[in-house]
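All chains are identified by letter, namely A, B, C, D and E, in their written order; residue positions are counted from 1 within each chain.
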Amino acid sequence: MKKRTGVFVCHCGINIAGTVDVKKVTEELSKHPGVVHSEDYIYMCSDPGQNLIIDAIKEKNLDKVVVACCSPTLHETTFRNTIKSAGLNTFQCEIANIREQCSWVHKDMEKATEKAIKISKSTVERVLRNESLDPISIPVTRRALVIGGGIAGIQSALDLANSDFEVVLVERSPSIGGHMIQLSETFPTLDCSQCILTPKMVEVSKHPNIKLMTFSEVQEISGYIGNFKVKILKKPTYVDPDKCTLCDECTKVCPVVVPNEFDLGLTGRRAIYIPFPQAIPATYILDINSCPGLLPIACGKCADVCEPNAIDFDMKPEIIEEEVGAIIVASGYDQYDKELMAEYGYGKYPDVLDGLQFERLLSASGPTMGKILRPSDHKEPKEVVFIQCVGSRDPELHCEYCSKICCMYTAKHAMLYKHHVHDGQAYVFYIDIRSGGKGYEEFVQRAVEEDGVLYLRGKVSKVFEDKEKLKVWGIDTLIGKDIEIDADMVVLAMATRPSNGAEELARKLKIALDKDGFLAEAHPKLRPVESVTSGMFLAGAAQAPKDIPEAVAQASGAAAKAISILCQERLYHAPTVANVNINLCTGCGMCVDVCPYDALSLKNGKAEVNEVLCEGCGTCSATCLRAAIQVKNITPLQVHEMINACLGG
Amino acid sequence: MVKVEDIKKEAKRILKEGKVKYIIGYKKSTNGLMSVPAFIESPEDVENLIWDPTCVYNLTRFLVDEKRRKAREKNPDERPVGIVVKGCDSRAIIVLLQEKFINRENIYVLGISCETTGVLDEKKLLKKLNGKKAEKVEYDEKDNFIITTLDGKSKVPADEILAERCLECRANFPVINDILFGEKVDRKLDNRFKSLEKIESLSKEKRWGFWKEQLDKCIRCYACRSVCPMCYCDECVVDTINFAVTADTTAEEKAQRIKWVEKSPTTSENFVYHFVRAIHLAGRCIDCGECERVCPMDIPLRFLNKKMEKEAKELFDYDAGFDPDQPSLVSCFKDEDPEDFIR
Amino acid sequence: MDYNVYIPKLAKIIEIKEEVGGSRPIKSFRTHFINKNDFSHRCGQSAMISVLGKGESMISISSSPLVKDYLQFSILKMGRVTTALHEMQVGNVIGIRGPYGNGFPIEEWKGKNLVFIGGGIGLAPIWSVLNTALGKREDYGDLILIYGARTSKDLVFNDELKELKKKITVFLSVDVEEEGWKEFVGFVPQNVTDKKPSPKNSITVTCGPPIMIKFVIKALKDLGFEDEQIYTTVENKMKCGIGKCGRCNIGKHYVCKDGPVYSWAQLKNLPQEY
Amino acid sequence: MEKILTKKSFSKWVKKLESYKIYAPVKNDDLWNYEIIDIPESIQPDYPNTVLSPKKIIFPQREIFLEFKASNEEGLEVKEILPEERPAIIFGVRPCDARALTLTDNVFKGDFEDPYYWKRRNQTILIGLTCNIPPSFDCFCLSVGGSPHSKDGLDILMTDLEDKYYIESLTKKGNQLINLAKDCFEEPKVMDKKDLEKIQANSEIQIKRQIKDIKKIPKKLKGMFDTPFWDKESLSCIQCGICTYLCPTCHCFDINDEVASSAPLKGKRVRTWDNCQFPDFTMHSSGHNPRPDKASRLRQRILHKFQYFVELYENFQCVGCGRCISKCPVGIDIIEVLDKVRDYGL
Amino acid sequence: MTDEFEPRIVAFLCKWCSSAGSDLAGVSRMEYPSNVLPITVMCSGSVSPLYIFSAFNKGADGVLVSGCHPGDCHYLKGNYYARRRIALVKKLLEFIGLEPQRFQMSWVSAAEGKKYTQVIKDFVKEIKPLGPQTKLRRNQ
C-alpha cells in the first residue's frame, strides 16, 4: 500500500496569496512525509486548476489529495468530483481551509503562513488515513404515509396520489376534513369553506392510489428514509361502512345525547352518529364511550333497527402494518385550552365563544342554520366584542408566539357578523393588525370601512356577566382611556396550539419539537418542510400556525419533497458512519444511549451500527470507554495525528 | 453485629446444594494481619471464611476474571458464583449490571452490612500501634475494633483506624443481595466529600505542586487499574499493543494503535494515564478505595475519583451504583445541566 | 565495552521486492550498511531491524552469509514496525543491529542429506541455509525442499523457486485446490508424509507456523527420523535480542540469544512457552 | 578496612563526599525512597526498607538509549546517549538490595554487555547498613542465601552500634571514601568488634520468616510446569506490576521509540521497566500469547526466580527483601507459594 | 515584539456551527490572532477527553472546544453530551492545578462570526500572561 499525497495550494487571486506566502506553504508541504507532490495555482477551483490536479494524479500516481483553499463548505464537492474524474475515490480528497480560517482573518504574513502550513499539514495527516468509501445504497419503498386528514394532509395525499404513488392517509377522527370543514367562509375571498373542501375530500375517498384510514392512529414507526415500517391502530367504529346505507334510523332510537364535537358543543349528537353530513368516509360510527354498552341487553336498539345489519358490536381494534418510503406529518392544530383563559369567562358564560364556535354559528349548516343567535337565549346579539391575541403573544402567562391567523379571521368574523346582523355593532380589541398576504390588508380595511367594525387598540382585562349582558372591561391605548362595553356576545381569537397528541406523535416519529411544541423543521430558512429526520416532512399548522393557502402550499411542497425520494429506485447515504470494533466492545450500551438517531443497538452483547440511520456525529465515539467505536474518516487516530501536526515544530 | 458463623452456614448450604460453583470471600492470610481473597469450592473449605475489619478487598474485581475465564471455557459451568460484598462493593455490582458486563443470574450475592463501622486502614493501624504488629482485629458490639497484639487485646474506637472511604461512606448497606448479614442501620457520617476539601482549598499552584509530587511517584505498575472492578476494558490506553486481536485483525489496525501515553513514567505521561482513569471512572467509581489502598507509592488516587464523584453529584445530581437501570453519567444529560463555564 | 549493543547501524534499502500481495503481504528488502562495519552472520541468525520512530523487530536474515553485497530480509506485514517497513521505499534508511541467535549448525551437517520443510514466510530462514548449502554444494548430500503456503500466490520467492527446481528436488503444496495447480494440495505435514523423505543420513530443517511445525515433527517421527535429526526454529516476542529484557525465554533459554534454532531433542524437553 | 565512625562524625564525613552525587533514603509522607541528597545532615540511615530498592538508580525505570532525527545527508541520524558521567554514592543500602545487584550483574554482563547498566553500576558506590532489626515483617533473606549483614555487592557496610557505626570497608572504592576523611574515623576496639558480632548474630534471630528446605525447590519446580497448581495459586492475582517493579532483582525491560515530532522525524529510543505479569509482555503481534493467562505468568515469575535463574547462575533470583509480599494488593505470599511447591505431591 | 509569547491553541470546532461561524468571521474579514489552530470535527459531542489531554500533553498552551448552542445541534443533542463531558474534564484539569483559562468551551453558531472572533481574542488575551503551558507538556 502506497501513500502518495498531492497538495494543491490555491492563491484564490490575492484572497489567500495576499496574506499567506503560498509558495512557502507549497514548499514546506512538499517536505512532509507522505507528500510526493505539491504545487500552487492562482485559482485551483477553475477548470485549468482542476486539470492541474487531474494531471498530477495521473503523472505522479497520487492516491490522496489535499487542496489548501477556501472553506470545505464551498469547494469540497468540487474537488472531490475532480479527483473522482481522475479515478480516485472521492474520500481521498480533503480541504485545508486556509482562507476563511486563515488568510482572511490574519494580517501578519509570517504568522498566517505558519498557520496555513500547520492547517495543511494536519489535513495531510487526516487524508493519509482516510478510507476509500462508497455511498451506502438503500432501496426505496415507493409509497408514502400522510398523517392527518386536514386540508394539508389531504393536499399532500392528493399530490402524491396524482403523481402515481400510493399513499396511506391516516386520520385519527372519524372523518377527514380537519378544522377547515368546520369553517363557514374563508378570508379574504369569502368563498364557502365546505364548498371548496368537500370535492377534495371526495377525491381522496375515491382515489385508487389512496388508502384512507380514518379513526386510526399511528402507533409505532421504525426504519429509516426509504424504508419505514409503520404500525397503525385502527380503532373500531362498530359500524361496517360497506353495509351502512346512511338511513339514519339508528340515531332516531339511540337514547344517548352528548355534545357534538363538530359543532364544538353548541349542539348535541347521539352515541351513534355521523360526524357531519359530508363526512368522508360517509358512514355512521358508534361512540363507545357514551354508548350504554356493547351488550344487546344493555341497549342494542340501534342494532335492532339497522336493516342492513351494519352494526357490529364485536368489532375489535386492529393493528395494520404498512411499509412506506416517506412520511408527511400534517397533524394540524388545536385551539388554546379553555381552562387557561378563565379571565374572559370562557367556558363559564355560554355567550363567550371561541373562534371555531363562531364559525359554526356563521355556517349555513351549523347549529343555527347560519343565523347569529346567542347560545344562551337564542337572541340575536347586537353588540359583539371580538378579542384578538387570546393566549398569543403573551410570554409571561401564555404563548410567546403570534398565532398568525387570528387577525384575519377576526376581521372576517366581524365582517360576516355585520352581514348577518346589519344593525349590530362589532368591536375588535387588538394589539396590532398583521395582515401580510395577498388581499389581506384590503380585507381588513373593508371590514373597517364598509362594515363599520370598530377596532380598539388595547387589551381586555376582564369579561363578566352583568344583567344578561357581558361586561367587557378594556383599555384603548390609542386614546389612553378605559373602555367598558356591554356586549351580547364575546368571541375570543384563541391562540393556535399544536394539536393535542402532537408531542406523543413526535416522540413516536423521533422528530423534534420546537420550543412551542410545534414540529421542528430541519432549517428555518432553507429546509422548512423537512423534519430533522430524513424522510419525514412537515405540512400545515403542525409546523407553525398557518392559514389555508400557506398550509396548502406547504403540503404541496412536502409532497414534492416526498416525491423526490419516492421517484428514486435507491437512495444514497453518506458512508462516513460509525464503525464498531467488536473485539473491543464490551456491550455496555453507552453508545446506544447517546445515539441521537437510534442507529445503534446491542446484538449478541455487542454494539451494532445501522449505517443507514447513522449520521456520523461521533458522539458514540467520544462516549465509548473502550475506543470500540469510531466514525470513518474522522477517527481518533486521525484527530490524534492532526493534533500532532498542529502542535509539531 | 455480623456473625461469621451465619455467613459460613449460608456458604455451606449453597455449596452443598450446588447452587453456586464457588464462593469468593475472605480468608486469613499467611503473612500477617490482613485477610486475603478466598475462592471456596467445597463445603469443607467454608471453615476458612472470615469476616473482620481486615476484609478490605472489593471482591467484585474477580467477577471480571470469572467472566473472562468462562468465555474461554468450552463447556462452562453455568451456575452462579457466590460473592461476599460490603455496601460499597455491592455498588460495583450495580455498575457492572448497569453496563451489562455481568448478568444478575450469574451471581449470588452474600451481602454484609458494615452497620456503623467499616473496614480498617492498615496504614492508620500501623501508626496507631507505633509499628507494632497486630495479630488480629475484630468487630465488637459497639463502634470499636478489638486489636490483638503480642501485648494482648485492646479496644480502639473504629473511627480512629477506619479506612478514609468508610468515614465518608454512604452505602454501608449492600444495595443488592440475595442474602443479607447484619442490619440496615443508619450511621452518622462525615460530609462525604470532606477529605477533598483539604486539596480543593489549596491555591491553584499548590494544588499543582501537590499533584505533580504525587503523580511523579507513579511507577506505572497499574495496580490501581488492575484492582479496579470498573477497569475491565480488554485494552487500556496505556497498553503497548492490541490485545483484542483476532485472525482478522490487519497489520494496519495493529500499526495504527494510537500511542496516547508513552510507557515512560514521566510527569506528562503519568498525568494522561491518571486523567484517563479519572474521566473513565467518572460516574462509575463507587469509592471502594482499592486503587489508593494498593498503590505501592501511596498516591492518593481516591481524590481524583472522589473529585469526579463530587462533580457528578453537584453538577448533575448523579450517584453511581444505586440503580442498574439508569444510563451512565456521560450517556445522558439534562436540559438544565450547568453551562456557566461556557462562553 | 567497545561498542554499544543497543545502537543500530544505519543501512539503506537498495531493493524491494513484493513477494506476496493480498491481506498478509510479504516483501523482501535488500539493504546496504551506510558505514563499513564487520557485520557477518551465520545461517538462521536474525537481526533487529529498526524503523526509527516506530521501534524494532527481530527479523531472520534470508540471504546467505556467502552473499556479501547485501543483507536480505523477507518480511511479513504483521504489526507496527513491519507495516512501517512495508511502506518504505528504496533509498529509505533503517537501523540494523545483530546478528543474533545461534543459527544452524551447518558445519556439523557436512556430508548429510538436508531436507528443508517450510510453510509461508517460514521459507525466509530456510532460504539462507539452503543457499549456503547450494553455495557449498559439494559439502552436502541430497537437498530437498518441501514448501507450501495457503495459495500459490502466498508462496514466497516464486521466481527463485523456479530456478531452484532445476538444481534440487522441490515439492510444493497449497492448502486448498486451485485452478492450474499441478502439485500437491494439502497441508505441509501431509506433503511430508506423502513425499516420504528418507531419514537415512539426513537432517531436516523445519520453519513455519507453530501448528505446522508440530505436525511436521509428528510426520517426521512417523517416517523414522530421530529427535536429533529434526531441527526447527522458535519464535517469541523479543525486544533486546541479547537475552536481557526477559520476555522470550522458554525455560532458561532466551530464544533471541540461545535460539532460535533447536533440535527436537532439545526442544521437547523445554516448557511449551512459544 | 574496619573503622569506627561516631554518629557525630557521620555528617562531617558525608560533607567530604560532596563531589559525588549522593543518594539516601528520604521519607516523604509515610514513604521511604532513595533520593538525591543536597544536605548531608538530612541523611537518616535508620529507616525501614525503601519502597523501591537502589535498583532504580542503577537501572532506572526510564533510560534514554539514543536520539534519532531526520537528516539531510543520510536520511537519518542516530546519536547514542549514555548516562551522565558522575560518581555516585548510595547510603543506607540494605544488604539484601546490594546482593540483588550482584545477581542482576549476571544478566547485564556476558556476550552483550549493557553499557547503560555498567556505566551507572561502575560509578556508584554502595554503602550498606546492617539490619539490626528487620526492616519489614516479611524479611526472609536468610532462606535465600543472604543475611541482614551480608556484604555481597557492598563497598562499605555500616553497622549501627547505638552511638557509632562500625564501618567495614570491603572494596577499594570503599577505602577511597574513608580515606577522603580519615580524621572522621577511629580504629575499632575489641569491644566494638564484639558488639558488632553480637548485633549481627542477633539480627539473624530477628528474621522470623523462612522457606524451609529451599534447596529442594528448583528441582521440584522442574516437574511442576504442567500442573494445575498455578491456576489455583494465581486465582487472586490481579496482574499488576507491583511484585516485579518493587523486586530488587527483577530486571525485565521494554524498548520503545518516543516520537517528539513525526515531520521532520525526531525522537528518542528509551528503555523502560517492563514485567512478566503484564499480558502484553509476551504477546506476539499475531495475537498469540505463549503465556496466555495469569497462571502462566505467576508460574514464570516463580520459575524464573527459583529454577531458571538457578540453572543459569547458581543462585536464586530472590534476596528475601519481602517487598513483593508486603505490597501485594491481594496478599500473595511468595513464601507460602514456595512452601506449597515444596510440599506439592506430584 | 518578536519575543512576545505566542500561545499555541488547539480549537476543536464542530463542523456545522462553530466551524461555519469561523468561516463567517473569515467572510466578514474580522481579524483575530493567529494562535488558534482549528480542527474541525463533526460535532462537539465527538470530542473525546483524550483529545484534550493529548493536546495538552503535546504542548498546547490552550484548548478550546466549540459547538452549537443548546438546541441547535445539527445532530440534535450531541452538544448536550459534550457539555457534560467537558464540564467534568474542566473540573478535573482545574483540580490538578491547571489554569482554568487554558481549557475553555464556547457555543458559537454559524451566524456568530463576531462571537467566534471575540472568543478567540479573549482566549489569546487570557492565556498570554500565563506563559507557556509546561505542566502537562511532554518534555521533548
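Here is the rule we use: contacts are C-beta pairs under 8 Å (C-beta built on N, C-alpha and C of every residue); 3 or more make two chains touch, one makes a residue touch a chain.
As the structure is a prediction and not an experimental result, all values here were calculated from the model.
Chemist: Out of curiosity, which chains are bumping into both subunit A and subunit C?
Modeler: Common contact partners of subunit A and subunit C, which must touch each of the two, are B, D.
Chemist: Please identify which chain has its centre, taken as the mean of its CA atoms, farthest from the centre of subunit A.
Modeler: Farthest chain from subunit A, going by C-alpha centroids: D.
Chemist: Mind checking the centre-to-centre distance between subunit A and subunit D? Centres are C-alpha means, answer in whole Å.
Modeler: The mean C-alpha positions of subunit A and subunit D differ by 73 Å.
Chemist: Averaging over Cα atoms per chain, report the distance between subunit A and subunit B in Å.
Modeler: Averaging C-alpha atoms per chain gives centres 50 Å apart.
Chemist: How many angstrom between the C-alpha centroids of subunit C and subunit B?
Modeler: Inter-chain centre distance comes to 49 Å.
Chemist: Can you compute the centre-to-centre distance for subunit B and subunit D, using the mean CA position of each chain? Integer Å is fine.
Modeler: So the centre of subunit B lies 31 Å away from the centre of subunit D.
Chemist: Mind pulling the residue numbers of subunit C that touch at least two other chains?
Modeler: 54, 78-80, 82, 86
Chemist: By residue number and range, which residues of subunit D touch two or more other chains?
Modeler: Where subunit D meets two or more other chains at a single residue, that happens at 254, 256, 261-262, 265, 274, 283, 285-286.
Chemist: Of all the residues in subunit B, which ones touch at least 2 other chains?
Modeler: Those would be 237, 241, 245-246, 249, 252, 254, 260, 262, 266, 330-331.
Chemist: Which part of subunit D faces subunit B closely enough to touch in the complex?
Modeler: Listed in rising order, the residues are 28-31, 51-52, 61-62, 137-138, 209, 235-236, 238-242, 245-246, 254, 256, 258, 270, 272-275, 278-280, 283, 285-287, 294, 325, 327, 329-333, 335-336.
Chemist: Taking the touch rule as given, give the residues of subunit B at its contact with subunit D in the complex, in rising order.
Modeler: Touch residues, subunit B against subunit D: 29-32, 34-37, 39, 57, 61-62, 65, 123, 127, 133, 213, 217, 219-223, 225-227, 239-243, 245-247, 249, 254, 262-266, 290, 293-294, 296-298.
Chemist: Which of the residues in subunit A end up touching subunit B in this complex?
Modeler: It is residues 1, 129, 581, 583-584, 586-591, 593-594, 602, 605, 623, 625-627, 636-637, 640 of subunit A that touch subunit B.
Chemist: Quick check: in the complex, which residue numbers of subunit C touch subunit B?
Modeler: Subunit C reaches subunit B through residues 23-24, 54, 77-80, 82-84, 86.
Chemist: Along subunit A, where are the residues that touch subunit E in the complex?
Modeler: The contact residues of subunit A facing subunit E are 71-73, 97, 99-102, 104-108, 111-112, 114-115, 118-119, 122, 512, 515, 532, 594, 596-597, 615-619, 621-623, 631, 634, 636, 639-640, 642-644, 646-648.
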